[in-house]
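Each of the next two complexes has subunit A plus one other chain: subunit B in the first, subunit C in the second.
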Partner chain A sequence: MSDTLSPEIRFGSNSGQPATRRDGLAKVTGVATFAADNTPEGLLHAVYAPAKIARGRVSHLDVAAAEAHPGVTHVITPQNRPELQGDPSGKPTMFSFRTEVLQDDTVRYAGQPIALVLGETLEAATEGARLLAPQYEVDPVRVALDDNTARGFDPGGFGLPGGASHGDVEAGHAVAARSIDVSYETAAQYHNAMETHAIVAQWDGDRLMLDMPSQALKVSCAGFAYFFGIPPENVTLRSPYIGGGFGSKAIPTGPQVLAILAARMTQRPVKLMFTRQQMFGPAGHRGATRQRLRLGVDENAALTVIDHEGLAETSTFDDFVEPAANASHDLYAAGALRASHRLVRLDVGTPGPMRAPGEASGSAALECAMDEMAEAAGMDPLEFRLHNYAETQPGTGRPYSSKALRECYAEGAARFGWEGRPLEPRQMRDADGLMTGWGMGTALFPCPMFAAEARATLRPDGTALFETSAVDMGQGAWTVLAQIAADSLGLTLDQVEFRAGHSALPDGGVAGGSAHTATAGGALHAAGGDVLRQLGELATADPQSPLYGAGNSSLVARHGWLLLEEDESRRERFADILARAGKTEMIGTGHGGRAPEAAGRHAMNSHGAVFAEVKVDPDLRQVRVTRLVGAFAAGRIINPRLTESQLMGGMIWGTSFALHEAARHDRRSGRIVNADFAGYHVPVNADVSGLEVITVHEDDPYVNALGIKGVGEIGIVGTVGAIGNAIWHATGKRVRHFPIRIADLLAP
Partner chain B sequence: MSLFISLTLNGEAREVSIDDPRVTLLDLLRERLALPGTKKGCDRGQCGACTVLVNGRRANACLMLAAGLDGAEITTIEGLARGEDLHPVQAAFIEHDGFQCGYCTPGQIMSAVGLIAEGDAGSDPERIREGMSGNICRCGAYHGITLAVQEASRRMAAKDEGGAA
Partner chain C sequence: MKQFDYVQPKTMDEALASWEPGASWLGGGTNLVDLMKLGVAQPQRVIDLTRISDLGEITFQQNGSVRIGAMVSNADLARHAGFAQHFPMVAEALLSGASGQLRNMATVAGNLMQRTRCAYFQEETAACNRRTPGAGCDARDSDEEARALLGASPACVATNPSDFCVPLAALEAQVEVRGVNGTRQIPIAEFHLLPGDHPERETALEQGELIVALHLSAEAARFARHARYLKVRDRTSFAFATTAAAAALQMEDGIIVEGRLALGAVAARPWRVAEAEALLVGQAPDAALFARVAEAAMAGAEAPVHLEWKIDLARRTAARALAMAAAGTPARLPALPASPFGQQNGDLAHV
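Up next is the complex of A and B:
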């Protein structure tokens, strides 16, 4: 390589580039190893039997029949289950839920594990589990969101959200010139990552090796260690590829604990993979909600009040309340706001966080209610939102760290062609006579940060190794984090080796809250910076270095060189600095997270605007989303190609929420009657066309050192409402529940 | 009671012992023949994650009993690339970001290869979307998938013509 610096490579040159996925080759050739792809020597297969009732107790299991089946090696039931060291009602980590691990014979929801069968083959274990033919004592079930049993709760962090309020809500209602009081319902949804929950567990003495998809490696290690009375560091968790998570793979599940227990009991490796049907049980879900929205505007169409009450389901034995009303916190400049939640206990598995928890369900209701309010005020829905634009955070008056929402509205509307939209519904037909409607919604997603650590090792040849236990569940961590890492040392992407997805690496934190790139990326950036600091100290203190005597602060790294910013002829190669100091490598460490003082000064959110066109068959009332344009401002975009994919994926989730997804319970048995992909609909390719994503430029100096906000979840937010509003605009029908189905539009 | 079947698996003639008549092609590949590239997403023909080519046509491996496949020619994701050379569909999936988590991807790619071979989708996006709708992608990578299939289809058609000329 020539010594001349190539001019196009600047510090930070990797960020902003649409690099293709670094794990792409492995994924298109089938060599990417997902958890259940591991088949160690001596493997036993585990299959759990799920409860077919939702409440009561198991009175009989035909264990003898199962055991007699050829190939079945063990049947584990509450009667013979080996002891666990951790109490299943305990909560050892922030992501622990009370778990069913065959502690007794009670059934608390349909799909709960009631026995575990081990076999030499998957076929044997599957048949063994079927032969158990459980009998039950059945109690009456409660699976409907019922206002009568709703109650409040003390807010308490994860799962028990606080509300919010500012201003005088009653006065806001009283002074309103026009008001609406509407109730929206959202259905229970199940994450259904394509890769079902799986685990391969192997013990070596008191050390445990797990192959398991996890969105939070270190937390999962601690969560499992708790059950087995071993220190978390005795657990090694490998999760190089995760076949989708969406919030469901941060939380250890009962069947996974049982598989580990079986491996300990048999002293053989054990593999357990949920069936698709079993994904509608112990792995969490987005709880159903009923939301009441009371909005008021004054004579000038300014919002006097947003009053958002959320009712959400949780299980009978643990708490996770969908924080839907919180979606109203930060969005519009209302004179007064109240967001509150109540819960209803049902005979269902405990809900949990599912992609955009709170924001998705809450925004669905809020954005439709805003549309209804705009209609009542006789105003264009976009104009109404601009009219009530929050310049500072409602309630606190804090400035936003950045907020290019106005630009999102403008660019999205222009691309969509919003102008000229008739105010009244049922005004548009296409050439084929299909009823056509346009709707829009605003998107907002907060910018939390968790904590992460990373290590950078500069090697003698000037290349570097970066390590953190970050996880790629499809967002693109393998690629995006490597881009950030390379930039931190001014290297090209191919000069960087990046290791992640393994619990022995420095703690990469949690892939959740759309915060992973910012947090783990922040840690990697800091680790690279730590290496540069040390290199600078060596060089500037060494009379033999061209950089001798230069201030460390004015050094930059580029293409394997350290150079003086104001006089680039003074420079030295990383490798030479290391060599002269007699070092074979240099290690830097970094932490990612947000300083508490930074957290208080600004309100921090990603924003967006989504515009939808739907076409409805006038006779059949079949709905097609024919165009969906989303414009998003989410701080610095590290990789536009992967960001577009994330945002589109989110918008497809929004379509799914609006038109497809709903788990339906049989009211008598409590079972979910559509627990597979034939009955539980998610969009297929033919459902998706006319999808467009715009990313609006945004520099955010406050959100974190890298200016990253996160794009994993915001795509859903806003989309649901936009589609609901478009359906109203096409048909004149205001359907106040999701998903919206043909039958809703056929009814007179 | 073991039964032997002959397969041509990714171009290689194999005698395969079937230890259990209940074994599906999918579990044969994944659990017995060390070919876990083919994925299980539902095990009942509803998702397409397990798509392979059987005698040149797309099939859901979870719906086929291995014992019934004596003499069949089977291509899985592991058999698609020629050494270092990716199949055009594989290359196009990377270029157009036709996946996120990658779990549905082996099935999508095999399905796309089958669809192109069926020859009636061409590069018409609407027909590609329809023809690829047996493969669910929960990540929602459909936009990239459609572009990738379109491009691969065009490139393969061009190459065929080039070859014929």
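Up next is the complex of A and C:
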């Protein structure tokens, strides 16, 4: 039998291929077990009662009625809640919020847990929670941005963003030949992953087993360990499949802590799953913002200043300020720039990171303001952006690690057919008489990296096992990370077993900041490389190996063989190298992350350009986005199919931001009145037509070893502004808040 | 949710016999079950009508009228070729409602019994006279957008959210109901009650009465060539109407012989104004005429300042629906039924 290698196999041949999801079949056939699919023996169901007012205190709970309901086993209130070992106001990890866990009877926001009911069935616990019929002492609520005093804060840490400043901002204003001073508002939005937050908690002595969707397994374990006074390694967290996270599943919530507490108290497994309505409560949200943008240009339409002030809501008891103004940091070459933030405390739950935190809401305002500035300067919006293109990072002059934004503009504009767009609004009608408008926006998302570890185990048959506690929220990590892992050893995808989503594995880091593929992927790649290094050292030092005497650096791996690069007839199978050395396996470890010195040398961002066409009924003012073209440069694309899916999902979210999503509060109680999918709208299929994604080639030798920038969030960025600008172009109406609705466009 | 008895009668007689005060009839459950989960509906007994065999028929009579069984699903009725041909705007309204999954479950009688979507009705802890007589109305001074512009009372500002009922009102459907005392027919115009001092009385059904069928007359089919439903909303599909209108015309030699116009989402029942319809008679279709008719149809409308735009939008919706009807019923239902963007998606749209 011939040992000839298949010629089409190249090193790195998995990366770049549109592999379908490895977990797809399990998901569509229902075999995949999500957290709440676990039903251990003896399970109790937990349901929490949410406050229906936003500010005051709970004056009465009808505990007796709840306890009397058949099937209810326990009612936990602030009066009888067992003690927690960690202070719920403490911040044990990098991603921690002060947690509402029944520490007192104060109500700080509507939807806050005020009691936990346990029952033998979900129905019993649910009815028990309803029977509590809470009564309140109600204080006046503050739920709108003007309801409380805006104030500054000292930046620092998670949730309190610093700003940026360079150049002489006042001079930038003073020298401007033309300027605009506009204010934009964005609505509060709530993460609504298809899978709501859930947990199944089981204690075994002082060891805790959790099934829970988590974007940050090790961080979550550390947080729970803190609350319950046990070592983090005593917490096992399984999170193999997650039905969407969007930032809300990085941080453990109060009800999940309470479920663990209930399991310890009852010594039985406890399951808790949020209802859809409960998703508008203790699981974070994107805080509403008001952003003032003052832009100026000189006689030549060069930006003299970008002055971006963000005001964002946060809760009365913790800080998460939507870092909207930071969207202006790195994008345009302005003579002077200032990005600053203030907060206003409202009777709402603490906001949190929600897909593209800051970038989404900041870009919505910035990109519309850029269009207003372009209009004032009498320029085409794209031409104006190109005219103010930043060749180096504004303020620092640092080079970009790579920046194919110019190519994004060019390819996106060509595909969309931007050329010939009338400068003035209200110029285009389609064959049906619908007002038609075109708008565009630039997208930028930074390329942070967290830290991750991975382990590779080469097996005697030449296949390999890769392990890291990485997270697949639905974005495709099971597939993409396995592609990277396979490439690191020159194996095909089916020669690699990939394990993730379990806290006992090497720390896979956090699935956030669009950094997971780069970070966990980097760790996997390094782990595979570590195995190759060891294999090479064995082979090249072994006189019986065809590779004897070759330098380790001249070896390549392909299809289970180690080969000499310049003479591929000198090669040896992984399995044979292992066997002759008497080894049953070989283990390599790898780390993913970015060295601080590398971070300092370059500015690192993904970029994109989004072009939108909208149609507006001239009488009824109903809006429809009929075309969206997004061109993105995001470094090395590991899997084009899943990348396209991520970017499309982001752009649809952008449509959602621009036209649909908004939590509406009752002004008296502070309750969110549209807290379900009948009232809180996201786009449906009929809202999405003509959606197109282009990925622009980009080699980035600096961002990380694999050249990966991340595609998880950038799709939203730019899209919101593009749609807002297209609506202006169609109607001549500049609506300075999102979402934009019929009512806004009807106004004279 | 609260515990309840659940019974599955096999015949109408069994069903009527199993009724008791505090019981609810269950059709597709697409509204009732949600309200039970919210604690807004708390029936002691749920009487499931799905096992009664003779409620699911669509029957055309010799004279061209049609009888639609109470348990016919919205999807089956909308997709019934003969029905859609004779009553196209009813089919269009049905297909503009909810989603495919819900239309498969929802029944025509259930649609007539659909409760308001007012956020304050749907929240157990909010004051609502409709849910708890005498409790007050938290919606009245709120920002609620699903608010009646016409026919509201100090006690209640709720709207009827149905699409289906709007063309039924325009076509003067009859509701066949049965109780222990026998069968009777209720004109659709008298079926839904305006709130007045008793918003808790939502329909003309007596205690224990059950909808058996709907009837559309042969006369109603005479509008088939000029009949449209138009539904305006911020989301293209799967959303209740912001405003809606069903417009139907009989035309002879370019002149309107008879016109019908019913507005949706503006009152606790579909809104028809005879004076407005009368303006159409003997006229040629014309934008100015339709604007006058729309104005007359919305006569007396009131809204708080933040919703004044809705009166304007309702007028525009009515005028456009009339213009669409005048232009003629399309040979086949648009890809996006009842949408201002109706023709845009080609043959297939996911609504």
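Worth pointing out:
Everything that follows uses one rule, which is that the second predicted complex is superposed on the first by the 744 of 748 C-alpha atoms of A that agree within 3 Å, B and C clash if a C-alpha of one lies under 4 Å from a C-alpha of the other, contacts with A are read in each partner's own complex, and residues count from 1 in each chain.
Everything that follows uses one rule, which is that contacts are C-beta pairs under 8 Å (C-beta built on N, C-alpha and C of every residue); 3 or more make two chains touch, one makes a residue touch a chain.
Being a predicted model, the structure only gives us computed values, none of them experimental.
When the two structures are aligned on the shared chain, A:195 is found in touch with subunit B, with no touch to subunit C. Of the two partner chains placed around the shared chain by superposition, subunit B and subunit C are both touched by A:686. In the overlay built on the shared chain, the residue A:173 is in contact with neither subunit B nor subunit C.
Touch criterion not met for A:290: it reaches neither subunit B nor subunit C.
In the superposed model, A:268 lies in contact with neither subunit B nor subunit C. In the superposed pair of complexes, A:678 makes contact with subunit B and with subunit C alike.
Of the two partner chains placed by superposition, subunit B and subunit C are both touched by A:123. Once the two complexes are overlaid on the shared chain, A:619 sits against subunit C while remaining clear of subunit B. In the overlay built on the shared chain, the residue A:473 is in contact with subunit B alone; subunit C does not reach it. Between subunit B and subunit C, B contacts the larger number of subunit A residues.
The residues of subunit A shared by its contacts with subunit B and with subunit C are 123, 127, 678, 683-686, 689.
Subunit A contributes residues 52, 70, 123, 126-127, 130, 432, 434, 615, 617, 619-624, 626, 659-660, 664, 666-669, 671, 673-674, 678-679, 681, 683-687, 689, 739, 741-743, 746-747 to its touches with subunit C in the complex.
Of all the residues in subunit A, the ones that touch subunit B in their complex are 20-21, 23-34, 36-39, 71, 121-124, 127, 192-196, 241-244, 246, 273, 275-276, 472-476, 641-642, 644-646, 648-653, 676-678, 682-686, 688-689, 691. Contact residues of subunit B toward subunit A in the complex are 19-20, 22-23, 27, 30-31, 34-44, 46-47, 49, 76-78, 80-81, 86, 90-91, 93-95, 97, 99-106, 109, 125-126, 128-130, 132-146. Taken in their complex, subunit C has these residues touching subunit A: 1-3, 39, 99, 117, 119-120, 123-126, 138, 142-144, 232-240, 242, 309-310, 312-313, 316-317, 319-320, 336, 339-341, 343-345, 349-351.
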